[in-house]
Structures are given as C-alpha cells and as structure tokens.
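Right after this note come the structures.
Both complexes below contain chain A, partnered by chain B and then by chain C.
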Partner chain A sequence: MTSPLVLRDRIDSFPTDQVAGYNVRPGRTFPFGATLVPGGVNFSIFSSGAEAVSLVLFRRDEKTPVAELPFPDEYRIGGVWAMTVFGLDFEDIEYGYRVFGPAEPEPGDRYDAGQILADPYAKAMSGRNVWGVPPDWNDPYPYRSRLTFDDFDWDGDRPLRIPPEDLVIYETHVRGFTRHSSSGVSQPGTYAGLVEKIPYLRELGVNCVELMPVFEFDEFENSRINEATGEQLFNYWGYSTVGFFAPKAGYAATGRYGMQRDEFKNMVKELHRAGIQVVLDVVFNHTAEGNENGPTIHFRGLDNRTYYMLTPEGYYYNFSGTGNTFNCNNPVVRDYVHWCLRYWASEYHVDGFRFDLAAILARGLDGAPMQNPPLPEALAYDPLLRDCLLIAEAWDAGGLYQVGSFPNYFRWSEWNGKYRDTVRRFLKGDAGTAGDLATRLVGSPDLYKHRSALASVNFITCHDGFTLADLVSYNDKHNEANDEDNRDGANDNNSWNCGVEGPTDDEGVRRLRLRQMKNALLLLLVSQGIPMILSGDEVGRSQQGNNNAYNHDTPLSWFDWSLQEGNGDLLRFVSRCIEFRMAHTILRGHHHPTGDDQYGCGYPDVSWHGVNAWQPDWSETSRLVCLMRSGAAANGGTDHIYVAANAHWDDHDVELPVLPDGMRWHLFADTSAQTPADVHDPGAEPVLTNQQWTTVGARSALVLVGRFSGV
Partner chain B sequence: MEIERHVVDSITVISLAGDLDGRFAATVQEQLLTSLPADERILLDLTKVPFVSSAGLRTMLLIYRQAQVVNSTVALVGPSPELRSVLSATGFLGFFVVADTVAEGVKELSKTELKRSGVT
Partner chain C sequence: MGFSATLSRNGRIALITLEGELDALHADDFRNRVEQAANGGQIDQLVLDMTDLTYMSSAGMRGLVFARQKMGEDIRIVLVRASDSVEQTIRLVGFHQSVVFSDEVPG
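What follows is the complex of A and B.
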C-alpha cells in the first residue's frame, strides 16, 4: 500500500523493517491497543504466556485476511508485543491477533492458534453494526477490532459535576427508550433517538440518565426462537460484554458507517448541554466468553489464567451466574478495568459508573471476599475518576451480599437493595415494617452511618424485576414469554396485585394501583439519599408481569410513549415531586439527621410522629409512619416538611406538629386525592384549613410544607 | 474525488465530486486547508458527494476550524438526506449552515456577518 504524504518530524516515524510486505518498525509498548501515530498505526498487545503473536489484517467485511504479520521476536519487551505498521488505510482495516501458546500448556491455558482474537482494547468493533441483522455464523472472525480517531470536537463540553445530593437518576435502555413507533423520533432505538427525547427528560426533571450496558455486546448471544410464540429472543439487555472500550454499534443510527463513537459522544454532549449527567451501567463481573463451552473472543485465547478466576483444575468459577468470573483483582485485570473506566471518563466525558454484580470486584483470585480489594480501592482514589459516581450493585450470584458493607473507601455508593425491599413491604401493608421504613427514609444510617447519606442510591424498581405498574398489579412473576418455563427471574418480589392478578376493569382496583404507584414515587423522592427512577415508571409502564424481560426486543420491553396521555396524571405527579425535592435542600443533605436541633431552628432535624404528634408508633402492627424534617432552607430561612405514610387499609386522622409562630402547614401532595388535587406546584401549595389535624387516607401518603402565610 | 473552485457573488464555492472517504480525505485536506481564503464566505458544495466516511466528516470539520482561524465562514450545500441524517446524529450539523442549493447557500451566507477579528 502507498501511504499518503506524511510529515515525518520524528525519528521513529520511519520504518525499519518489512514484514509480509508492510513497512514496520518496533512499536511503542504503551498504550496497549491500536493507536494512530504519524504515518502508521501502533499495535501493542500483552500475553503472559504466549510464545509468538501475529497481527492479522482484514479489509473491511472480507472473510479472509489480507495479511498476517508475525511480530519479530525483537519487537517484544516482557510479555508485550508492539509494532508500528505504516501505510494502512485505517478506515478500511479490521485487525485481530493470532496467539501461539507454549508447547506444553499449564492447566487452565486455552491458547488456540486456530482462532483470530479481538483486541481487548479495541476502541471500535464491527460485526454487529446494525441491531438485529442476522450475522454470518461462519465468519471466522465475528467481532472485529477497528481503528479509530480520537479527535472529537467537544466544543467546550466537560463532565457536569452536579453535586451528588442534587441528583435524580433515571435508569433506561438506549434502544428501548425510543424504539417504539410511538416515540416519534427520526432514528428510533439509537443514541441519536435518545437525544431527540431530551426535552422530555428536562420536563420530567431528572438530571442523570443511567444507561443499561452500552459497551459492545452481541444481541445474538443465546438468541433463539420461542417455539410457542415464534418470537425471536435476543440478548436485549446486553449484560455480556464483547468490547469494553467500544460503544455498541447497533445502538447508533450511524453504526453501519462505523460512526458510533461520534454519535455516542454527541449524545453525551447534548445531554450535558441540557444539564443531564450520564452514568454507564458497566459489567466487569464476567465477559461474553462464557464457560468451557463458550466462544473464544479475546481474553480466553490471550491469557485465560490471567483474566478469569479458575479452579485449581482450570475450570471457570461462576460467581456471576453466567459461566465465567472476571479476575478483577489480578493486577493485570485490575489495570485493564481501571484504564477502561479512565478511558470512558476522559474520552467520552461520562459522569459515573454503576457496577453490575460489584461484589465480584471484592473477590480475590481464589474467589474469596477480600477485606481490602485493590480494584475498588484504586478506583476510589483515581485522579481522573475523582468526580465520577461509583455505584456498586453490592451483591453477586455467588451469594456474596454486601449492601452496607461493600469496601467503599468513603467514596463508593451502593444500590440500596434494603431500601427497595423495605419500601415494597411497607407499601403492601406487611406488619413490622414501620421502624425499618423510618430508617430507609432518612438515608439508611444503619447501613451508612460512617459514610454519607449519599452512599445510598434509593430505588424501588430497576430494570431487574417488576416495573412499578407491575409491582402493584401482580403477586407473582409471569415470565412464560422468556421461554424458560417461568423459572428465571426473582421470586421474592414483595409485590401486591391490589386484589386482582393482572389487568382489570375494576375501577376500585385501578384507583388503588395508581395510588400505590404515587405512594412509592412520593416516598422515594422525599427520602434522603440519591433517588433512582426506572424509566417508564413515571407513566405506569407494564411488562405484563414479566420481571426479567432481558430477552425481548418487542413492545414488552420498549417505552410506550402513548402512555403519556393515558397516565398523564402520574407523570404530572412525578415531575412535581422532583421539583419539590429540588426546592428543599433538607431532603437532600450529605449527613444523616440525628434527631437534634442541628440548625438552631428550634426543632430537631428529624422528628417522628403518629396519630398524635411527637408520638410515633413503632409497634409490630403499626402501618403509619409520620416524620417532620426541619432545617435551613435554601433562602436562608427555616424549612419544615411533614410526611405521613399510611399503609393501613383505614384512614387515620393525624395530629400535626405545631409550627413556629406565623408559619402554617400547606399541602404539597396527597395521594388519596384525585388529580389535580393530588399534587400542587412547589411554592404555591394551598394552606390547610385545619392546622391541628388532618386525615391521611387509607393506603395513602401526604406531604406538607410549613410556610409563612401568604408566602 | 474532484475539487473545483469558482466564485459566485463574491462567495467562494468549492465543489466536491465523489466519495469523501479516508482515501481522499488527505487529498482534500492538502488541496484545501493550506489555501483556504481568508476573510471570505465559503460554500462547500456536496451535491455530487454520494458518501462521506468518518474521515470525510473530519475533513469537513477541519475545513470549518481552519476557516475560523483565517476568519472565514463555511456553509454546506446539497448534502443527501442520508448524509444530512448522519451529520445530525453525530452532531456535525451543529457546526454548519446547511442549504439545499448553491443559490440558497449564497443567500444564507450573505446574511452572515464576518467576524472582525479572527478566532484561533
């Protein structure tokens, strides 16, 4: 190949050798991966035990390699092979590696010179460029590494650094958010489509989107036809990474042109411009290579014993429940994960990460939990990640449950699974939950006392499990459509169908369900900690009782935008609740309230009440929790908020605590009232006529705010 | 890839013909970037460009940034609907004034004020 005119102003920009007809020279060992350098491309790859490595070059989309360049042995330093190849048409090249293992492999080695391996550091991958287009199953190299530019024009953008206490997180799926025909966007199911819906997110009031996996994965992994329904089942969620440095091409409208990186960055830029942060759901607990029967993509053939936790006999530990376990605390793998996150934070300007099954990050090389696991520690102290949210899903499929005890270095937050379980149980009317609910509403000090209340990411629903509408419509999961005989998905849902399993025309049941949804979202948004809303819950999205819709690329798992009309009053309710939270700093502090008068306002920062003011009922049969939060308001005055949550099937009259002179109770929200009286504009709440007593309806919640009359 | 220059109503029109991809990006850069007119309005006519690759998009943005350096402004003319949608999805559209025809482009560009001082 001829190379275009190159300005050679470095001594190392001249080739020194020829390999397979290409001009080459010894490369730079760092950084790993493929890097564009003057006149050429620098390739660097590590393997602890390989004896020889070849660079395999393909022209785009061609099945057979155009060239194979063995790395000369003198191009290797330690276990790193590095070579600069000149004159490549980098837009037309796909590359991979062939790795030759030792003649006498150790147990656990899985070198296979018959395979072409992807680069674990590939910044773009091809092979699944357009979502759902059936792949060529006979392609000898199905997931191909591509060369990329890293010169996006950010036009002044940088990560937003919104104070964590001000965040309201919205968990969504890039494709599912706009794939439905009702979305009305020009590029449904893509990063660009999400950009078109930014005005909706602004109106709702959320300021952080948490995107389910966006690293390159294969939607055809374990794909099959459901024989009963004829539906093509996919790996729709994407919790099975193929390329950790590459954005999912099939989520890009421009994936067919290999421009997914620009499209992803533009999405981040546009979200930032709208004041919305971007958190990525990242999956480092396992990879798409599966167990002994899985495909060889990269790690397995490069260095199986380094990248995976193996039994002494060389088999895969399966703490992830998906076949293999990524060896996160091996120093090499630790560096890999670390560089990957640094890369996404710096190159893509993302604002944080949520770690799937993060308890695996706290396991040692033998699988045992570590007191002081190096990876979570390194991430906690990293200079580049300093402002990134680090959120652990603090459990794994191997039985390690670390909610409240994930090694945190005063830095990590957690998905608070206990918040979810307690609020659900309280709302359905379980006995003995009043005291626990109180703890959850003020930031779970039992779990996070020595940390900040912001360690608690509060949620009632997430992608995993029932949607909120289904939580109040089903007692049991209905996962038949997943084609696993309803065995998959959680059984401990703490859900209640309000009297009828599934859809019903019974107006009483429907009203109760709507009220229960409002109760849940209201409590979530007045709780201390960082609230997270599952996308679609604000409009009552159902999955027909399916609590594990991971394999459906159908309306079952897509956001139906027509729900905005049918459930507009719920949407209105939620956006007002977010606005209310934003208006009251006392709901969002770092510190757990103590019950003392911290602000010199004459009231404890939190006080507990019952049917009578100042007399909470923590007994086993109590289903009424009332609290008052008092403290400094944003305008310098004092702020008082009263919350009453009644999970009992009867109304209760409750005595209100007396406010300071001149202040009166105003009604922000009452879920027992019909729209539009269920919620009021923050700052314009109507005054209560009776300032001594009010009624909290059966299975309802209300929120009052103290204000000076006429203010 | 062919590159043609002419002037319409004191506006420099640069017409490209052929795919603007990695193979031609270097040529286009070489022929245009070093000789981009200063203090001018420039139309980049893409009517005869069927395909623009990632490298091609970058070339367009390089022209835009270089134009800023020499205090000129750039507009695009006649991108195909597909190209327009790619430009939109990747955010490149945000940098350019876009018109359907050269005549419209001339009209649009005539409205724009050239900045008094160069931006670097």
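What follows is the complex of A and C.
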C-alpha cells in the first residue's frame, strides 16, 4: 500500500536565523563535513577543545572571504558545531573554518585563529587543480574545501569481488603510467589517460591495479630546484595526504573544471568493465602537516592533541619518518579513518586498500604497539568493507616490523617483505637460501600458518626500491638526482649487477640480466599467495639505479611505452606466465600445501626434489630448488607442475619425478632458452623428449606441466 | 549573460534549445525543461541544441546526467554542436557512451 501522504516541503528545510546575512538554522551534527540537504548545505565540524568556530566562505579562487559565519553557541552540541546554510551557490563556493582555541591552551594545543582550516571531510579540494602549475604561495587558504554532488551514472557498476586467490596485482602511479610522450594517450598523466591503456592491462593479464596515492596531496610540498641539474623536484609519489576524502584533482584532465570525482569514477567503472579491480594505496600513518615547522592545514588547528601522537611535552612522535604520526587508535581518529575507507568503498566502488606503513595502525596513543588495536580490528569486521582487500605494509619507520604478526583477525593480508628479500637473495646466488626460498614459494607458512596463504602478497619489487631491471643492473643505489647526496633510499637491496654496474653493451651481461628478470617473474607467478608486479617491470623499465625516485616528475619515473618494442620478449614472457597461473588452480589456493596427498591423486600436494627426484638438497651451499605441485585441476582431473630454480652458475641435470601412467612432462617455460623457446602458450606446451632427465641452465628456472599425451 | 532553455516538439522528437551560460544558478531551468520534455508525451529522441550555448559548468553537465536518467535508456539523447570543451569533458568523464554528438538538428 502506498502512503497517501506526500511530503512536499520538509519543515527543516526552512531557515530560522540569519548569520552574516545568510539564512541558517541549527544543523545536523552527523555526518561530519558538508552535506547537501533540502535548500541548503549542512556543515558539521568537530573539535574537542575549541571555544568558538566560524564557517568561512569564499567565492571560487578569490583570496578574501565573501563571508564569515560564526556558529551561534546554541548550534554546538558537545564538541560538534553544526549549521545549515541556505541559498549557497554550490558550484562557486569554497569553504573553510576558523577555530578559536581556549584562552589557556594545554601542551600540544596548536589552535590558531589566524589560519583558515580545510575541512578534513572535504570531498573535493581546489588549489592544486592542474598538476605542476606553481601555486600562489601567498594564498591565505591554499587547499580549499569544495561542495560536491554524488550523481555519477554508474551504469550498474559494482565492485568486482574477484576471489583474492585469482588476483594478479599491478602497482602503478596514475601520472607516471601515461605521462611519457610515448604513451600516445590524449590526456597524458591522468585518470582518463589510464582508461586509454586498459587494453594493455588486459593483454598483460593483470586483474587488479594498485594505485599509488590518489588522495589529494600537494606536489609542491618540499618542492625545490636541484641546483646541480636544474630539475624541478616534486612530491611526485604523493605519500603525504592533504585531503583524505578528495581524489587528487591534478590527476584529472577535468580537474580544472572541478570534475575530478567524475573522471575518477569513470576510471573505476571502465576498469571494472574490463574485469580489473582497483586497490588504493592509502596513507594514514601521517599527514601533510609535518612536524612543528609544518603548515597548518586542518587537523593541527582543529584538534592537534586528538589527531596526532604527541609526547607529554606536546611534540610530535615521528614513527612515520615524515614529521608526525597520525593517532590512529584514538577513537575519534579511528572513526575518521573508518568513515574515509567506507566512503571510498561505497562512493567510488574501489575494491581494496593497501595501507602505507600500517604498523602505525597497530600503535596505541602513546606509540606503543598494541596486541589488539581497535582500528585494524574495526576495519576487519566492517560490513561495508567486507569484500575489500585490506593489505598492510606491516612495518613503520619507528622500527616496528610486523610481517607475519600484524594484527590480522584472519582478514588482513600483508606485503610480504620476507618474500621479496628471500627471492632476491636466492636469485643473486647467496648461499643458505634454498630452504627459505622453498618456504616462500608455498605461501610462507612460517609466517601465515594459521591464516590463509592469501595473507601473503608476494612481490619482488615495488615503487619503493629498485625496479626489476635495476635490481639486476646495479649493486648500489644511485640516488644523486634526488639532491640528498645519495643518503636517501635503502642500502640493503640484495641486488646484483651481473658483472657491470649500470648500462653495458656486453651481450653476455645483457642476456644474463634478461634471464634474471624472467627468473624473478616466473617464480613470482608460480608462488602461492597473491602476486604483485611493479608497473614497468614487465618491459624492463629502469630508473638508472635510483631506488627512491619519489621526487622526479620526469622520464626517470615515467613508464616509457617504447620499451614494449625493445623488451617485447619479456612482456610476452610475463603475460604467458600470468596466463599459466590462471590456468592452474593448484598455484592459487587458500591453503598452504602440507606435503600430504590432500587431493587423493597419489602425490603429495607439494614435494621437493633436487638433482635426483625426491631428494632435495637443503644444505648451505645448495642453490637448486625443485618442487612438484600436485592436485585437482579446474577440469576435474589432476594437475602436476614441476618448478626448478637454479641460482648456481653451472647447469644442472635434474631427474624428474615420475608422473601417473599416461601423463608426460611438457615444457611451459625455460628461462635459459632464447625467445621464443623461453615460454609456450599455456595448454599448448611441447612434450619433453626425455621424460627422465632434463637440464636446468645456469642461473635459470624452468616450469613443466604434466599432461596426458596428445592432450 | 543570461540563460534560456526553450522546448519544442516535432513528432517524436523533443528539442531543447539552450542559449547563454548554463551554470549552477540556471541548472534548475534546464532540468525543468527536461522534465517537461519527459512528461509531454512519447518521444524517441531528446535533442539538445547547443549552438548558442557559450558556457556549461559541471552543474550543467549534471543536467545531462539527469536527462539520461529521466528519459530512460530507450530514448536517444543527441547533443547538437557541443563546443569542443564541452564535448571533451563529456568524453573524459565517460558520459559520451550515453549520448550522441551531432552537427545537425535531426529532422
């Protein structure tokens, strides 16, 4: 039955008061932020210690406010000021707050009524609308809160919910991916540009992009000219958030029109349409407000003692290495982070989050690690985030290293730093790594035994550190271009230059480097866990030995699309490896293999081998790891995969385990072979002539698959 | 500079002629015309003549989204002589899949 009552006008859509010439009424305290309501805009803002607050309104781009509306005292309940303002021109208004602190501030208070503060809940921000356009440094209000509409036409889109075991993650930077002139896109360096490259991602075979920070940040933070080179250095990576609810406008071709939200949503929609998930790299360990000398943007002037971890004297703890530490387990801040993620999951349909320096999320208000930190727990059980990937970078700059021990609630995954370190050390030929490599290849049960193997996000390279091409071309970092005297960036890279530091014409060295890159990617893509590839590694992208290219908005950090031609064989190799992974469910399960015959196929789910079958060599000097995975195939039959990784400088003949009657070993990949014999189409692998023995080349890896003859 | 949106009909085509600056203050005028067009009898096409539209803000763009949702999927929305910047913005935010660009008012 339908109601005969039609509510034409809501009583609460009429003003009751006037402030500074504007019609207003007491607002709704929730939600925080600016919300469009019938006839007006509801502004709600929290501060635990402020004595008075004003809403400051600007016309777009104007330096002086058009109006300042003090919240009447009766508009405050608890620490929340709320006011509905009528008759605002939604498109033309920028807003902020002026906050008056107590007459006698506490240690750690940093109220400053001389500053105009941005809304921490601003859903769009202006001030850095077009990337790299120098700002007006004298603007009294540089990062401005804007009003937004939520009327994007999603066309039936929803988060994809790809089973985590099927994911292949591709970490990339929105601007760097298409900024290079070789990208050929119409809007280089933007969300729209990324959309134009979706066919490339499809062809590569990845099904999840992990975007380096896209929350509004200031590329001009700490910007300067490198006097040696004349290069303008930027905050290019963006690990320093200004607006947690606002997509970076400078990454949108339409940012100049204030339509970055629509462009971002269209990117998500188009990626989803292509079967590709979107994971955001989010930075909640610190903010762009820095230390005592940093700018006042919002939190500092609103409620410094709530939002930041402070010493008893009121100074900033610096567990993030960037000046301040976000107070993630304060109940107010916890709610803030929580609502922010809910917002991105629901409003932008994103499929997951990777948390930068997530160990900070496990620290208490005094900075000490907590056994049961409320924020990671709340996120783990959140109804809206149920299908979102939650990936922790489980360490911080304060020395808390939680790989394998991040409070996970059987829900969180982790960037597996031990996977990275072990595979690197094995590949360069370090002694004593064979046993550890074996553990990494089967999902690191030493770290995640009581959890799913999918707790392990396996990676060998990421934005932080050497690219894969540089990992096999440099022994040492070469960060001179960063203008920090090569002091920045990690020193323990576990890299090996294959005999020559940097570029070389030596064909032998070049071949070895290519082989080492293939070894790395092949092992990554047959490992249990969720693999992550650094964008550009599939075409051998170099950063000239720079392992911390955070401040270069130049070809050094951009994806050079011409590499597709020069390193096309590597690209072909990687895409076949992804296809192979997708064709074999036994490489992707939830469970760690145990060495038992769990599938009733007559073979253990994992078995270890050496020069002789069934006789692995775990000795200190062993550089050969061979394993067979056996289990159920997608078609209901049994599947057998044999992997041999030889980091030794000599070839080794290896005895192959005997397959069930009628099955024969077929060669999927052999990194010692020249293109095109290095890799074959999954399902069309050639049979091995010798079914008893095969040769694993020096510093090479091979993968075989058991199939019935003629199948 | 003002704004006007006038509605006319030609058989099963509804034509809205837009003139001037379509900004947030005038977005309601535009939406009212769209509603009139939607409620004024069966049509196959909604044609928006933008020949004399000098400016269109994001609120105007949202008016197009409103038109799409109001009309339903069976009715073609044709944008006639949209300026380069309007057309490009529509493409960048993905809305071009929901409309047709044309140089002529369909007869």
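Before moving on, here are some points about what is shown:
We adopt the following convention: the second predicted complex is superposed on the first by the 703 of 711 C-alpha atoms of A that agree within 3 Å, B and C clash if a C-alpha of one lies under 4 Å from a C-alpha of the other, contacts with A are read in each partner's own complex, and residues count from 1 in each chain.
The working rule: a residue touches a chain if its C-beta (ideal position, glycine included) is under 8 Å from a C-beta of that chain, and two chains touch if they have at least 3 such contacts.
Keep in mind the model is a prediction, meaning the values are calculated, not measured.
After superposition onto chain A, partners chain B and chain C are found to clash with each other.
After overlaying the two complexes on the shared chain, residue contacts for A:Ala438 are found with neither chain B nor chain C. Of the two partner chains, both chain B and chain C are touched by A:Asp262. Within the superposed three-chain model, A:Phe90 lies in touch with chain B and with chain C [touch as defined at top].
By the touch criterion defined above, A:Leu521 lies against neither chain B nor chain C after alignment on the C-alpha atoms of chain A.
Residue overlap on chain A between its contacts with chain B in one complex and with chain C in the other: 89-92, 149, 151, 153, 155, 187, 190, 192, 252-254, 257-259, 262-263, 265-266, 269-270.
Listed in rising order, the residues of chain B touching chain A in the complex are 21-23, 26-27, 30, 53-55, 57-58, 61, 65, 85-86, 88-92, 94-95. Residues 23-25, 57-59, 61-62, 65-66, 68-69, 89, 91-95, 97-98 of chain C touch chain A in their complex. Taken in their complex, chain A has these residues touching chain B: 4-5, 89-92, 149, 151, 153, 155, 186-187, 190-192, 252-254, 257-259, 262-263, 265-266, 269-270. Contact residues on chain A toward chain C in their complex (touch as defined above): 89-92, 149, 151-153, 155, 187, 190, 192, 195, 252-254, 257-259, 262-263, 265-266, 269-270.
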